[in-house]
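Each structure below is given as structure tokens.
In the two assemblies presented below, chain A is common to both, partnered first by chain B and then by chain C.
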Partner chain A sequence: MNAHVDAPAVNRWRPLGLAAGLVVASMALTGLVLLPIGINPIAAYAQILKGAFGSVNAVTEDLVYATPIILTSLSVILAFRCGLWNLGSDGQLYLGAIATVGLGFNRFGLPGPALLPAMAVAAFAAGAAWAAVPAVLRLRFGASEVIVTIMMNFLAVTIATYLVGGPWASGITPATAPIVPEGFLPVLISGTRLNANFLVAIAAAAILSFVLRRTVFGYRLRTIGQNVDAARYAGMPVTKIRFLSFACAGGLAGLAGFGEVAGIYHNLPNGLSPGFGFTGIVVALLARLNPVWAVIIAFALAALNVGSGGMQRAMGIPVSLVSIMEAVLILLVLSTRMLERRA
Partner chain B sequence: MTFSSFLELSFWIPLLAAGVRVATPLLFASLGEAVSERAGVINVGLEGMMALGAIVGFLVAYWTGLSWAGLLAAAAAGLAASLIFGFLTIFRGADQVVTGIVMNILLLGLASFAYASIFSSAHVVAQLTAIPIFRVPWLSDLPIIGRPFFAQSPIVYVVYLLIPVFWLLLEHSQWGLSVRAAGENPEAVDSAGINIWYLRLQAVAICGAMAGLAGAILAVIQIGAYVDGMISGRGFIALAIVVFGGWRPWRVAAAALLFGVVDAFQLRLQVSGVPIPSPFLIGMPYILTIVVVAFVAGRAGYPAAINKAYPLRHFSRKARKLLPADSAAVHPLPQENS
Partner chain C sequence: MNSRSPLRHIAISEKTSAQSWRFEAFKVSKSYGAVVANDDVSVDLKAGEIHALLGENGAGKSTIMKILYGMELPDAGHVAIDDKVLKITSPADAIAAGIAMVHQHFMLVPNLTVLENLILGNRRFGGILSDRRAARAEISALAERYRIEVDLQKTVSKLSVGEQQRVEILKALVRGARILILDEPTAVLTPQEIKALGLTLRELAQERHGIFIVTHKLPEAMGLSDRVSVMRRGRLIGTWPTDQITSAELVMHMVGRSLPESVSRPEVLPGPTVLELRDICIAGHAGRTMLQNINLEIAEGEILGVAGVEGNGQQELTEAIAGLRQVSAGDIFLCGNVITNSPAASILAAGVAHIPEDRHRDGVVLDFSLTDNAILVDHQTPAFQKRGVIDQGAVIQFTDRLINDYQIRCSGREAPMRSLSGGNQQKLVLGRELARRPKMLIAVQPTRGLDVGAIDYVHRQLIEQRSAGVAILLISTELDEIIALSDRIVVMREGRVTQLPDRPSIETIGAAMLGSFDAPAGAE
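On to the complex of A and B.
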């Protein structure tokens, strides 16, 4: 490229070129695990593409899968931006789902139109409450939120499994009894599973992006993430802001659980989350903690996951291939230092 | 089960025996992690390295019929994984927590992938033959402590040996002194002419091998099978044990035993059918971990240089330029004449 012309443009496009190179490299490296089981990686990847984009229904399924991932990645981003790790979005998602189902049976006799908003608020509050535990333990007692949030994930799954198998059992399927129809989220495109929670996720990304960039709260949050001591010295209420953002991070993950229950399953099944929380971390890291990029990358990874489901059905390749690919990609990114901790 | 049965030795002795059994893999992982953290590298990827050890150990033991070969292979696999982790965190300055979490995703995925693609057609769960327990002559006849501590699988006796070995290595050897200094004051190690990056890599490699072994002990010796998700948070529990044990091998061993006994206790309660909702029982080790991390460990201090990459001064100027700004600020390069 001509060095005299528009030098900054070179810098702007170089990361994208590098990113594309890393994606290809991670696909090649991941392909290595397919060789010993006698599968042509290119055929497998073609099958993923077909599964992800082969039909209109496949594309809406991508969006369905992207919905919870967008929310969990926003959850990770919000916490990370003020310098805290939220590895617990899976557990917070479960708590949101539990709260949604609990209200969704409508044993309290809420009027129809009020039920859905109440469920959403309850899910947000339950996720936030679940996140408040590690937040308090970290901010008050200095406990590592990495360990506590992971433990809270296991506890949340244990509680959900208990409810599904015991008090809320339907007796037929490994899931709770269904919620009342007034609690179903409207479907956006009839005949598909794409529901209104997708719009909630997009709106959440837009709001988070706005809050981080354009509000005093967001400014303080980012300052804390970049340098706690400087923020404290400037007189910012560090603990309060960190607590609020961690709790809201839990709330966002709780909304993901709300969408899965009210929009997709209409009950609480066993194994509700196939690792949405950890995919959310992957998305957050690849998006470099930018909420808008998180939406785009969540869609890409959702397509990868949906497509790999098709690959598993067609070729018998385990879907865990996808987590290998995602992890290899991030490790490559880490080794090139593209992903500095940009809080 | 009545309350009075809690007061009898016939309840406590088998419980302690089970606790020792459960604690063994936890202790392997924790001892390795203690070394790594003492050197200033926190390895959050323990969980994944244990899963890798479990699958590699299981496969090798299954194919060769030799459980010790499985253990060796698992140690080698854990070591290999930790070298990737060490390369990124020590030589590329990547954030240790980010890298550890991504290693978890990678290795858990790899383990699950390997098992599913190798045993997808088989409908029976592949099982290994159980390893008989070995009664230590004379010692196993001791009252009370004889049965829990000296009538166990041989690997348990290995861990008894490893505790003093790690203690000597970490707290009473030249190497251990350098490792501890690397975690507290890396500049001092560097100015003493020791290659701090290589030293840290050694510590991380020990951690990886121990984590691999821990996973293999679980899969090959204790369960005799590989199940997806079998590590179920033990890697993170081991992280808590290290903190609880104050990074000192003997205390870490005591902490691991406590966790083992609690886990064994809740298993017993589950089987006995006491009217306690299962989340409170299954969740007991997780709750204990949270309590420990919050109320014991919160006050204890991690090594000062944890999660801080040491700038690669001895490498090219280009490499130095690539270092994140903050790591250079935390560890300003020593002046030439100071």
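On to the complex of A and C.
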């Protein structure tokens, strides 16, 4: 099984240890912010834990929150593994959501059972098409995909906002009209919001892990990411593989949008993504580009977010505390990376 | 003024300009892991002298210059001026001590003007509110004095490469450098620019500056320098006054004769032609041609040795054959089939194996394990994959076989390539390529960076392949290697191939490398 251990993961448990250490450090640092305003940080963190794991509903909410983050982090990982930065998974997520909702309330005569799969495929394709633009600009014309993907995020949000407020407006809430019930993703545990897209995300992680470690395509992709000259020397079709990877990365983010629409909201609300794409980048980096670890770390970050809601209700501490904690965490991650590079 | 160093700003003060000094690296050694880049190197520079440091890529000349400039610290030995040991731990220290480096890739800010570049970061001209007029007057005077023609108002990005180099030299002088280190200064210049550079350097030397020129080009070293030193495989071979040594002698020193004994070559009757190049041309930048009408033939069981000083088109030739570079005219045949400008993958599949010159860049993925590196080229063949899924068992078996057969020293098949020594990395590349049972093997500098034992091993393997009927194109700057292994020898120079008679003498090859074989009158 371990035949294809990738170089960054010399020690298999290292990502988790590192992540745990960084979380503790960021909690300690955030605690320094709480102390002067007379709040016991230990009590606050206890409330976060309670909010995240205190009930079945809390745990399922963690998973609900983790689902899109898993998919966007996989999207980042897939692109990064072949040497490209995908900072546009948020935009690709929006495109996936737009495609889902467009198909979900228009139907186009699709029979009931075919509707959900069609919506998923459309979401994947829309995300992939959105990612294909920066991919082509990079691979053919050398434009930085970092910049193009970021810019296209704004474009995607703007398109969604336009659709929500204009042609697809429902007239009541700042959201589009709802999709038809045949397009709802099945709920896994009744009474909760946990839906089948969670399984899609887990499957995607498993598939990506397998593809990267065991297949010819994954081998080529990793070679290109590690040493593009060696890949060319070995006759690999570098541009083609990079394009496919980047498009698939967009598709994965598109699936996150699909899940949010078909599994949670059943329409496209304004401000669908609270930055799932960017959280995905953090998760990908913390997981050291390993898809399996991405699932675990996405869950941890989701629990932190969900738990902070509980903390706010119980203690009146604003949720933004968690934003501070996450920001500190990101800074710590980046600085550890730099230290490692220097070592 | 700040006077941390005796040499600071001497260039701008008239009265000290006749001062004599001696700058030296004394018994310097430096290793990078298992690679010995410098082994007990001592080299010196006197006031008013131009000293060329000559050697092939990887001979260690860049390393010694980096040590002199504080970019690297020596493992042993030291740098001194007038027998006083200098503590140079960074380029800032070097600049303070009056040492400046003109890099091969210029370190200028392209969207600033020449003047802005020259006063950038130089405290003497003030910080943010610099006195530009005073600075311009001073710098113009300096430029005029050394006949460095450059427009101070021009934006750097609009300058030619030669002009940018002049700005770099001027920058060194403005900072008060007495010692200039020029890294491959002529690599990107036109012949006219080289001539102008020569005049400027001569002018500087007359003003008691000292100049190191690092180069692998013989004619430039001969034309520009007062003394010349040759480095080879990390060692200083010797230092001579330029007018007391011939180009031919220098070539001998550069390519060396260090091999223990030549491997025995059994008689093999060459079979049918495997590779044929007909009138291959490759166009370079700005109308230059990288390769011009190359005609070559290699038969089964034959080693064709391509000798030549590095950078004369050898890399372009291999890339053209391997499908990594587009050919602008001509045809390449492999076993009678045209493979000109075919994709690299199909050329590899047709039976070409390639030991690349730059192992770290092309031949291996340093962060991959040995198993992943073992299948770099053949990962898509049925032996290693079924329906797109890599057959782990087969890969492990294959890697273990390579480790065993080629005695690759490693901590295991999962060890990252990076952890292996250069010789062991090369053994894996060699084993991997030979396991493909090629019809045609391109071996470029196959023993570069290897120790004597590993060199011998690689040579035996190549001879064995020749006996097995493989056509081998051996490209090397090591003349001994070429002579020991090749059935036929050609020389590459300035993108052309010179055919040589059978069993040429080392002198004949040397003459062809200098371009004076066909027309002895035009020797450089």
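We take it that the second predicted complex is superposed on the first by the 296 of 343 C-alpha atoms of A that agree within 3 Å, B and C clash if a C-alpha of one lies under 4 Å from a C-alpha of the other, contacts with A are read in each partner's own complex, and residues count from 1 in each chain.
To be clear about the criterion, a contact is a pair of C-beta atoms (placed from the backbone, for glycine too) under 8 Å apart; a residue touches a chain by one contact, two chains touch by 3 or more.
This structure is a prediction, so every number in the text was calculated from the model and none was measured.
Set side by side, chain B and chain C differ in how many residues of chain A they touch, and the one touching more is B. Within the superposed three-chain model, A:Gly235 lies in touch with chain C and out of touch with chain B [touch as defined at top]. In the superposed model, A:Leu221 lies in contact with neither chain B nor chain C.
After overlaying the two complexes on the shared chain, residue contacts for A:Glu326 are found with chain B alone; chain C is out of touch.
The residues of chain A shared by its contacts with chain B and with chain C come to none at all.
Across the complex, chain A meets chain B through its residues 33, 37, 85, 87, 133, 137, 141-144, 146-148, 150-152, 154-155, 158-159, 162, 166, 278, 281-282, 285, 316-318, 320-324, 326-328, 330-331, 334-335, 337, 339-341. Within the complex formed with chain C, the chain A residues making contact are 2-5, 7-8, 214-217, 219-220, 222-223, 226-227, 229-230, 232-237. Those residues of chain C lying in contact with chain A across their complex are 322-324, 343-349, 354, 356, 361-369, 371-372, 375-377, 379-380, 385, 388-390, 392, 395-396, 414, 416.
Contacts from chain B toward chain A in the complex involve residues 44, 84, 87-88, 92-95, 97-99, 101-103, 105-106, 108-110, 112-114, 116-118, 120, 232-233, 236, 239-240, 243, 277-279, 282-283, 286-287, 289-290, 293-295, 297-299, 322, 324, 326.
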